[in-house]
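Would you mind keeping the following structure in view while I ask a few things?
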Amino acid sequence: MSDRILYITRKEHFNAAHKLYNPDWTREKNDEVFGKCANDNWHGHNFDLYVTIKGVPNPETGFVMDLKKLGAIIKTTVVDVIDHRNINMDVPFMKDKLASIENLAIGIWDQIEPHLDRGVQLHRVKLWETRNNYVEFFG
Amino acid sequence: MSDRILYITRKEHFNAAHKLYNPDWTREKNDEVFGKCANDNWHGHNFDLYVTIKGVPNPETGFVMDLKKLGAIIKTTVVDVIDHRNINMDVPFMKDKLASIENLAIGIWDQIEPHLDRGVQLHRVKLWETRNNYVEFFG
Amino acid sequence: MSDRILYITRKEHFNAAHKLYNPDWTREKNDEVFGKCANDNWHGHNFDLYVTIKGVPNPETGFVMDLKKLGAIIKTTVVDVIDHRNINMDVPFMKDKLASIENLAIGIWDQIEPHLDRGVQLHRVKLWETRNNYVEFFG
Amino acid sequence: MSDRILYITRKEHFNAAHKLYNPDWTREKNDEVFGKCANDNWHGHNFDLYVTIKGVPNPETGFVMDLKKLGAIIKTTVVDVIDHRNINMDVPFMKDKLASIENLAIGIWDQIEPHLDRGVQLHRVKLWETRNNYVEFFG
Amino acid sequence: MSDRILYITRKEHFNAAHKLYNPDWTREKNDEVFGKCANDNWHGHNFDLYVTIKGVPNPETGFVMDLKKLGAIIKTTVVDVIDHRNINMDVPFMKDKLASIENLAIGIWDQIEPHLDRGVQLHRVKLWETRNNYVEFFG
Amino acid sequence: MSDRILYITRKEHFNAAHKLYNPDWTREKNDEVFGKCANDNWHGHNFDLYVTIKGVPNPETGFVMDLKKLGAIIKTTVVDVIDHRNINMDVPFMKDKLASIENLAIGIWDQIEPHLDRGVQLHRVKLWETRNNYVEFFG
């Protein structure tokens, strides 16, 4: 049974402000494309983040990876950096990028991946922005 | 980064009546196979619909596709056609089909797909019928 | 401790069709007041029902009332009567009433109350119709 | 049955940025009391708003109040004013107040109450800020 | 505005094992009354706990009570005592009591109440045991 | 249309006790690796189980497989065996295995797969243990 692959998902969350704004465009173009998401004074969300890894369970622990350790990686590299902050202004790994959830999901992937255990693969980053939309990135 | 593929999901919902009934069968056969879902006077559900598209984000907007536009396509081609209606009697794209969620998911796929932006692919239609079951169609 | 009052809530659910329609009005007046809820061929919902009782726990069991028994009362008097049915046409206790959730909550109260244990009071019937609205009736 | 009181709840939602900050205090005092909620560059939330009214159903419609009308009042006086905005900077009814959810709930009450139908009472404003906390105001 | 009362709710959760068993009864009587909840080798739940306080907001902070402080009280007096434990065997404040959710809610009330700020009242302890039932205690 | 593949998911749930404990290790090693999950007197969870099958809908019924039949298979082979029991002590198919959710998901797959209709494939077993983590097994 030890060569069977399993997928483990850990859910975390953070609250942050952002706006959608392309500095190469006029105010009017930004309003036309991004609508109320371009509001000068920001808006914000409760983001729900699901991180999925895959691998073969360790026969001694039954674990693909210790979930406490995975949780600590997500907390240190993502939640502590974004939570109760402004994604456009305060988050180093989003500097000079459009603060869309697409770019945020890619950025989160790049924060987490280098820290996983050997033999464990990052499979998916899924990020809910509102109760009506989410993005998924598979690397 | 511009060649990285992302998956975007938009959630919509609608409320509708239906029944499961095969007109080629006797009343008894319908009751035997479909049980209370075959009730003559209909029953109904709050359907939750998740539509997933995939593509490469536009570098100028950070978007795979404008979610407001995707929402408008789903609203026009699906929600406005089904919401507060009877799936068996009132919905043109379900005419002469069994009103199972399997057939409904296929019908919804065919309604949405022709309207997506060039370069964007429809990846999945997921439809919750009750809090205990859902169907997924990948084309 | 035996005279402390506790409130116990049991959640059940059912799926049903209905429409809002006042037979004393013209078609036009019904459409004007009830909008798409007046659709001739019905629509439907997944209803979530929360029934709250109150009383003093029995010192031998720790229970205000056996939840299995409360669940069986709700099932027999409400769920079995409405589930996968048409509220306007199939439900005896809604006969000749407008099929609004307000009237449905009152009807459900009257179905359940006579069957509770002596010393237990029905406190509230709460009924979700969609994910955006619910009604509460306290008798 | 026409004198029975019912409670109707309508759920709406909005996304907004805010920070907790008392301008009469030093930076250090604000950080000490409000912690990361005092971040200069804002943070934000998906707020879920539940508005409960009470009254006697109209015998002709079965309604305490037309939910479409209640929804329109909430949209016009609250959601359109706050959604995708900055509570501290952009919302007239929060001007010169601490942007706590306590004050926000009181402000929302005062926005909605004058617009309800005669005979209908505002019973409760309930506001979820994160998945772990909410405030209720009963007037 | 400073004399307006607000209700604040904090949600926490814990996972625990328990069984329903009255030591004064025979095995048969326990099985008859408690059914599968009397299983000798225990079963368990993810409990969701909602603690509601009420009071007048402090004009300097906008807070009825600092939610971080309320969270810390619940964590220290309840979650740290129950989480990943056996309610019947490991929890001092449930010693010699039937491990029903009714008794657990009363026990949680008594743990939290002495630690609240002066001027803040404990209003309600609400405890979900499964997705289908919860108990409320108002003191 | 009859050769289009659809995925159907059925949700069930059960409540159970377990602990994480490797009998080949010392008490100290178990505490170090498994933390509070190794508590001697057990803890427990409300598990949410999602079983996904795939296949081509039957043209006479519109069904990939009768969901009542799928539900009955899951109930007989999984829920009736685990619900309100102790996973380490009471569940035959988990005997001599570490009671991790990884091993539980594999065990559930092996219980269900032999009973499916000819032409229907088991696609995924997904198991939520807490509101923050789940495992998926694809065979």
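Going by the order they are written in, the chains are A, B, C, D, E and F; count residues from 1 in each one.
Going forward, a residue touches a chain if its C-beta (ideal position, glycine included) is under 8 Å from a C-beta of that chain, and two chains touch if they have at least 3 such contacts.
If you're wondering where the values come from, they're calculated on a predicted model, not measured in any experiment.
*Asks:* Identify the chains adjacent to both subunit B and subunit F in the sense defined at the top.
*Replies:* Both-contact set = A.
*Asks:* Counting one step per pair of touching chains, how far is subunit E from subunit C at the shortest?
*Replies:* The fewest touching-chain steps linking subunit C to subunit E number 1.
*Asks:* Which chain's C-alpha centroid is most distant from that of subunit C?
*Replies:* Chain A.
*Asks:* Taking all residue numbers at the subunit A/subunit B interface, are over half used by both copies (same) or under half (different)?
*Replies:* On the two sides of the subunit B and subunit A interface, the residue numbers are mostly different, under half being shared.
*Asks:* If you average the CA coordinates per chain, which chain's centre is most distant from that of subunit D?
*Replies:* Computed centres place F farthest from subunit D.
*Asks:* Roughly how many whole angstrom separate the Cα centroids of subunit A and subunit F?
*Replies:* It comes to 28 Å between the two C-alpha centres.
*Asks:* Averaging only over C-alpha atoms, locate the centres of subunit B and subunit E and give their separation in whole Å.
*Replies:* Taking the average C-alpha coordinate of subunit B and of subunit E, the gap between them is 41 Å.
*Asks:* Out of subunit B, which residues touch more than one other chain, so two or more?
*Replies:* 131
*Asks:* Pull out all the chain pairs that touch, please.
*Replies:* A-B, A-D, A-F, B-C, B-F, C-D, C-E, D-E, E-F
*Asks:* Help me check something: in the complex, which residues belonging to subunit A touch subunit B?
*Replies:* 20, 22, 24, 33-35, 97-100, 102-103, 105-106, 131-138
*Asks:* Looking at the complex, which residues from subunit D come into contact with subunit A?
*Replies:* Touching subunit A from subunit D are residues 13, 15-18, 36-37, 39, 41-46, 83-86, 89-90, 130-131.
*Asks:* Would you pull the subunit A residues touching subunit F in the complex into a rising list?
*Replies:* 1, 4-12, 52, 57, 60-64, 66-68
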